[in-house]
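The first chain written gets the first letter, and so on, giving A, B, C, D and E; residue counts start at 1 in each chain.
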Amino acid sequence: MEMTIPVLILAIPLFMFLFLGLLGMKMSHKLAGTLGTLGMGTILVLSYYTAFQYFFSGAPEFINAAGERLQYLVFDQTWLQFTEKLVIKVGFFLDPISAMMLVVITTISFMVHLYSMGYMRDHHGVYEHGFQRFYAFLSLFSFSMLGLVVAPNIFQTYIFWELVGASSYLLIGFYYTKPSAVSASKKAFIVTRFADLGFLIGILVLSYYGGTFNFAELTSAPVEGLAGVSQVSLGTAEGIKAMFTNSAAPVFMGASVLTWALVLIFMGCMGKSAMMPLHIWLPDAMEGPTPVSALIHAATMVVAGVYLVARLFPLYLMETAALDIITVVGALTAFYAAMVACVQVDIKRVLAFSTISQIAFMMVSLGVARPEFHEGLGYMASMFHLFTHAMFKALLFLGAGALIHAIGSNDYTAMHGLRKYMPITHWTFLIGCLAIAGIIPFSGFFSKDEILSSCLGYSWVAYLWMSLVAGMTAFYMFRLYYLIFWWKEHETPEGHHAPHDQPWTMSLPLIFLAAVSCVAGFIPFGELVSWNGHPYDFMAHFDWSVAAVSLCVAVAAIVLATVMYRKENPLPSKMRNALPALWTWCYHRFYWDELYMFITHSIIFRSVCRPLAWFDRHIIDGTMDAFATVTNKVSEAIKPLQSGQIQMYVWYYLIGALALGVVTILCLL
Amino acid sequence: MFSNILIYFVIIPLLMLAGTGLCRGVRGIRAVAVTGSIALIALSVYLLVDYIGLRAAGDSAPMLYTDSWMWFEPLNIHLAVGVDGISIAMLLLSSIILFTGSFASWNIPQPKEFFLWLILLSTGVFGFFISIDLFTMFMFYEVALIPMYLLIGVWGSGRKNYSAMKLTLMLMGGSAFLMLGLIGIYYHSAPAGHELTWNLLEIAAYDAVPHGWQSFLFPMTFVGFGVLGAMFPFHTWSPDGHASAPTAVSMLHAGVLMKLGGYGCFRVAIYLMPWAAQELAWIFLILTGTSVVYGAFCACVKTDLKYINAYSSVSHCGLVLFAILMLNTTAMTGAIMQMLSHGLMTALFFALIGMIYGRTHTREITQMGGMMQILPYLSVCYVIAGFASLGLPGLSGFVAEMTIFVGSFQAGMADYLGGEGSLRLVFTIIACCSIVITAVYILRVVGKLLLGPVYDDHHRSLTDATWWERLSTATLIIAVAAIGCFPNFFSNLIKTTFTPEIFTVLGM
Amino acid sequence: MEITAVYYLIPALIMFCCGVYGFITRKNMIAMLISLELMLNAVDINFVVFNRFLYPEQMEGMFFTLFAIAIAAAETALAIAIIINIFRAAKNIDVRSLNEMKF
Amino acid sequence: MESVGSIILYFIVALSMIVFSVMAVTTRKILRAATYLLFTLFGTAVVYFMLDYEFLGAVQIAVYAGGIVVLFVFAILLTSRPGDNTERLTSKSRMLGGVAAVITLIVACYSLVSRCALAFAQKPEMETPDMQQIGATLMGTGAGQYLLPFEAVSVLLLACIIGGVVVARKR
Amino acid sequence: MDYSQFLAMKQEIALLVVFLLVFLYDTFMPKSTQKALPAFSIILMLLATAAGFCSHCLGSDTTVVAFAGMYETSAVIAAIKGILNIGVVIVLLQSIKWANGESMLMRRGEFYELLLVTLFGMYLMISARHFLVFIIGLESASLPLAAMVALDKNRYESHEAAVKYILTAVFSSAVFMMGLSFVYGLTGSLYFENIYFALTNQLNMLLVIAIAFVISGIGFKLSLVPFHLWTADVYQGAPTSVTSYLSVISKGAAAFAFLVILAQVFGPVYSKVWEWMLYALIILTITVGNLFAIRQRNMKRFLAFSSVSQAGYIMLGVIAMNAMGMAAMMYYILVYIFSNLAAFGVIGAIENATGKVSMDDYRGLYKTNPRLSVAMMLAMFSLAGIPPFAGFFSKFFIFTGAINQGSVAIYVLVLIALINTIISLYYYLLVVKAMFISEEECVIGWFRSSFSERLGLWITVGGILLLGLVSCVYSSLLNLAEVSPMNMYFMS
């Protein structure tokens, strides 16, 4: 494969960022938007081409005779050399998941670019302030995200990981005059930064023992005869494990060092993918423009954590303890987020918690994946779900964006009964809901079903738990759906136009994504993506009993939602009154934010920073000043020596001379 | 004497001094300053290119362009010059910051005196970086320190008298220890039968300082330079000093002068006394490791922009010293890169703070807000500087910090696995934590100062950057980005310093 | 009974200490000067005694005393001139009034 | 072994020297102090005679007793006004002076006496230096001869004369 | 009797000739020509200096011992005398305006005569190898000074200072001579050489007390703490020219004489007795001098305490007991002469023009008198030891010289001294701050100082700038020191 296209995939968005960032203000809004979109379109085409090449060209560097998909290193440039072995390179790495991610990212990104052309202007067609900047940041994000997924080494991942964090910061804080947006962006950045600390230390540990940053060397074995081509191999991971075990300190605080490294790396993933307890930034991140939420906080960036775990999956397989931790964290998060999503009022928050929950699904899926069971079905399921989720969640977000754009509020109480006014939005949103609820034949059904299957293979507790969460997902999504589009007749406030559907730039992405959500389930994903590249016939492992059960659960949940929310009725408030404590806790998201507020503000800020600053000013600086003060004081104190009386002078003189003599005598003789 | 290129790093500033002294009008003075600093930049770039060429051609001497002229014959004091990659990087840094600093003080009152002192200061800086003779090094070091007093005292703001005095006294206090250390080194510089020498390279080659003396002289020199490197607990001059200093002085001081500390620690303390550096590193590791997080925590609660940045400098410079003490190539490379990076970005910070202060007449972030709407150019620059400071990839901070962390971790693990205690490891991890805290205080400032609604409506009438301000900040941003995007170039440049000779000297 | 050196040295030392005492306690400058004379005189005795008792073969101590007397005379003369001078300016010669300059 | 007469003479002289010096520094009347000083100086001269330094004794009487004391008396008469020829000493200054004097005395005496060979040396026989010898020593340049100090002290005396004149001159 | 021995005393004789000529000029020349007396004496001094240098350059750089060991001169001694001469010339230059003033009309000639005699006394102190000569030198160097201090008849402080000076000086010399009498008792000689050999096996209480008394006597001249208490009062009261003379020349001579006595007389008991005494004295001197200097507002008094602490630094060259220390000390004295005279030059110029000597009056001086302020600042920086001014080099070399002694204690001592430089920097910077940083209106208006004052300042500023950077000064001093006969007495 030639280098040109991969280079372009990375270069074009970077160029667009610099171009729009430096010169955007000089050009018209429309031009900037169009250029940005065109640029993204180009990348879309190139990425599709690349992915197509990878999956379907059958070239020897991509697939071997046995039909196994290989990893291919397109290029690898030294960027910064630490030591002989530890070198950060910037490269382009193709394997099933990165090719898949290329498709996901460019698709959603392009849709969002297009959509924003309509979204980022008001009803009179006036573009928002900073429109060019918006496109510049979108380009920056696309660049970073693409760089992240094609990274051939973990340090490049980390670099772009940070960059997506920064672009996320910039985009969440896009409405920088709004204090809430500012604080939300800050929160997002700092929480993920904290998680990245773990990631960084994890990298340090891993690279120290592994002696490399390269994924290929960490998890894969080179393929004979083809430069830059390798294949996922447990053997290599075994080798890494052996390096850890053979070293002098294989155990640290009760767990093996490899486990520590992997858990620390997972900590980074938790931050990025909003796993509990580092999830708190994601709901707040909804302060950003909705297309941003769709792109970054639903489809792409937040799944980077999942992606990274998948990247290092063979290593994780070496330490199942780490995988168990992932499973537990994922399961708890999934349940928690679903609980919270059931009672939220702000539609974007519902979607945000739904995102958390769904990502947790993917995590769980990775956590339960074992080669022993269905040849690592969970891995494939996770990636599949990542794919489908990206599509339908982006769809839902963009739909929500359309609603917000039409209504001017995030609150469903201002919506209700919009189905007649905004038919396109309604139908696409419904498709999204069906997909996420896991109704056959929409895409979510397939991916979720496989996740549940793999859970079953892990333990029945996990299976039941995740099925419950799946049911809750269906419930809250349809609660949302009904509350937006049904419940009661829409009341347009005085002096407002009745809400209506949006221009084509916004509708087109909705329709496209809805269409994808309808059919994506039928993609033979197992053929394309599996943990070791081995093609995987997923229909062969399709567990119809699991599917039936989950379908039943979903339908039941939908029915429940229909009963409760289709028409205005007192049932919801009754339920709420029945369990007031639970409702309050859920509504306040189990007070996580308050806890964090307490920790950061009262403990770190008040009890660490302030005392330290005080300590610095008064004790440390005080000591330094004290040298001066004491000197001055002493100077003042010995002033009487110079009394002006010569008789005192000679007295001191004589006593001094005698003391000199006597002390010397006493000391020396 | 004039055939050596390095000597021009002192001659040009001296010519600038003369030129400034002779000029009458402010235009002339500006012209001298700008011309001179451009000449210095050109010279350092030429030196850089030539140096790389020589290294590529296989010249593996520890220092190139070495030359030595006898000065005080009976004491064997020479005017000895020589550079390696580190010095070249520092020279480049200094000339860039002098250049931008000249622009940042475009409209300073009493320009003649100001530039005289400023250039005198940079004479000291350049002299320090080219010297390889301990005596001349020390002399230039002190030359660079004392103009600070008048620069802050006359052109400063706030509690300038107090700050100027404190800064000068504390730094001179450090140099008092340093002087003792240097003289001590001199008297143990050569084995019996050889002539005592002040020459760094010769001392390092002899490696004759007895261990007992090393454990006395190492702390002396390390603390001596460490004070200037804002090592905890001797950093307190830094917040006050920077807060009171005029813009260009803050830039030069934080950007270049504080680097003298780190450079000196490396070049003198560690290079000449490797044994003590290994044995006594733990004390200073604790101090510097503490100062990394400590400075960051303190910065979190400050509301004066310059104080915040000063504490941030404490944290970042702490990282420099911290990394130097790791005694491994990677960490040391990282330390030097951090010096470069911190020099540039902190200069950028101080330039911006000065520009904002010049407009709003306050540095309290509680008194400002929404600057992004009023001063978009400066605000964007500030955000970039902030990102550089918190270590965003693509800007200089990231590469430096990562190099340090990787290197330190290697050293820490080597210690840990080698059964030599886990101090390095623990403090590496503590130092890593600074990346989070840095993010906290940087974003806090960005949030309060630049974003959000406009705090004071009087600020709405402010005008954005003038051309010289744009030039000054843009230069720095380009430099920051250049290091951030092409780190390997700088890393390799610095690594050329770690010739095999140093490895044997340091026992690395 | 033998009159040894110490028989002369102790009175000389006592004389010296009287001078010290007088110098420190007297207020009148001339009285202080008188005390100083006592001290110088004591020194002279010391030299002479050492010379006579220990080193009779040479005359260094004696000559030192001789010159010391001359020096003492010179400094007394000068000191008295200065004291008279200050008497003119301040109309008294109380040493405690010399406190214009202190601290 | 000394003669009884000389021992008695010694005690008279020593006692009077001590007594008069104590009185010189304790008397309230300044003129009396000068007089006691004179007695002390005479005592000293007698000591010089007893130690066989007749020339020195003569110089002592001539210069010290004759010159300096007269100078003192003139100065006292010039500077004292009726009524203030007595002075009162504060107890503080007495204490300080006493402490200094006593410490000096103790330290000096103890260290002197501790050096036995020096303190308890017996008076050896010595020829009284005659005038010729003294003159030659004063004018010679060899070892133990004092031409240089002699010349130097003349410069000093000249300078003191100039200084005295310039200080004492009214304008 | 060999009177040709006087020929060994070339510099002293040249000085006496100058003295005589000045005396004759003053006495016999008509009133109208008296105004030229200062210039006349300066020229004569210059000639004498040149003669002194020449006589040593022209072949006789070997050591000469005259008067059977009472007097010694060598290249080093000639050099230190030459250094003092240079200082005197500058002092004379700076004092011209004052000496030609109204109040000095009757005393102008006496000022020069007395000054020359004191200088003669200092020469004797330096060259003396016999305690009688030394005492005479000491008295010649201090008694006429008392008269000089009293020269300013219109100021009461001047009289007060003179009384304080003469009474304490005589007291000190009495104590000194008491110490000497003990030394004589112990060794039986007043010749340095004899004492040196007699002391080789001696160590007793009497000797310690004697050494303490001797040190106190010279410490008085050098104003070492606690023998320094007269310093501030006398410096403040004396006419500025006399103060500057006292602070540099008298101190420089005493320092060198001190070294001579300690090395050539008490050398054998160096490490046993007086090394520790000097440690204590140096620490006390530097610290107490600094502590007092901090609070001073009167410039002369301020410089008095500054000179007290400088004396402590000078002593570092003595304690080293080696050629490097000696050279460093001489170099330090030279640089100190230039730096302090620059400071006194400015103070004198301002005092002559406006009568102001308070540091508070100096506030904002830079705006009214920039050149004087810069000269003052350079002086302060040099005194504080800031490069590239000469003071830095002298401090550095004196520390280097001291550490050459090699014991651990000396490192501690130097460290204490170095820490004290920070305090001293503080108060020197106070002056700089007053002149440059204070934003108040200066009470001292612009004035043009006289030619001689400016010339003096130019010379001193030139010295401050060049003495350090031009390495041959120190190098040649060190070369001289290394071949000097005193090396025999230094501990190897």
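Points to keep in mind about this one:
Criterion: a residue touches a chain if its C-beta (ideal position, glycine included) is under 8 Å from a C-beta of that chain, and two chains touch if they have at least 3 such contacts.
Bear in mind that the values here come from a model prediction, so they are computed numbers and not experimental data.
Least step count on the touch graph, subunit A to subunit C: 1. For the pairs A-D and C-D, the count of C-beta pairs in contact is higher at C-D.
Among the remaining chains, A is positioned farthest from subunit C, on the basis of C-alpha centroids.
The most central chain, judged by the distance from its Cα centroid to the centroid of all protein Cα atoms shown, is B. Centroid analysis (C-alpha atoms only) places D farthest from subunit B. In terms of their C-alpha centroids, the spacing between subunit D and subunit E amounts to 32 Å. Computed centre separation for the pair subunit B/subunit E is 42 angstrom, with centres defined by C-alpha atoms. Mean C-alpha positions place subunit A and subunit B at a centre distance of 37 Å. Taking each chain's centre as the average of its CA atoms, subunit C and subunit E sit 27 Å apart.
Among all residues of subunit B, those that touch two or more other chains are 169.
Residue positions 16, 19-20, 23-25, 32-33, 50, 54, 58, 60, 63, 67, 71, 74-75, 78, 81-83, 85, 95, 98, 100-103 of subunit C are each in touch with at least two other chains.
Counting partner chains per residue, subunit A shows two or more touched chains at residues 628, 639, 642, 644, 646-648, 650-651, 654-655, 658, 661, 665.
Two chains count as a pair here when they touch; such pairs are A-B, A-C, A-D, A-E, B-E, C-D, C-E, D-E. For subunit E in complex with subunit C, the residues that touch the partner chain are 131-132, 135-136, 139, 143, 146-147, 150, 156-157, 159-164, 166-167, 170-171, 173-175, 177-178, 180-182, 184-185, 188-190, 232-233, 236-237, 295, 301.
Interface residues of subunit E, counted against subunit A in their complex, comprise 163-164, 167-168, 171-172, 175, 203-205, 208-209, 211-213, 215-216, 220, 225-227, 229-230, 232-233, 272-274, 276-277, 280-281, 288, 291-292, 294-295, 423, 426.
For subunit D in complex with subunit A, the touching residues are 93, 96-97, 100, 103-104, 107, 111. In the complex of the two chains, the subunit A residues touching subunit C come out as 639, 642-647, 650-651, 654. Residues of subunit A touching subunit E in their complex: 628, 631-632, 634-636, 638-639, 641-642, 644, 646, 648-650, 652-658, 660-661, 663-665, 667-669.
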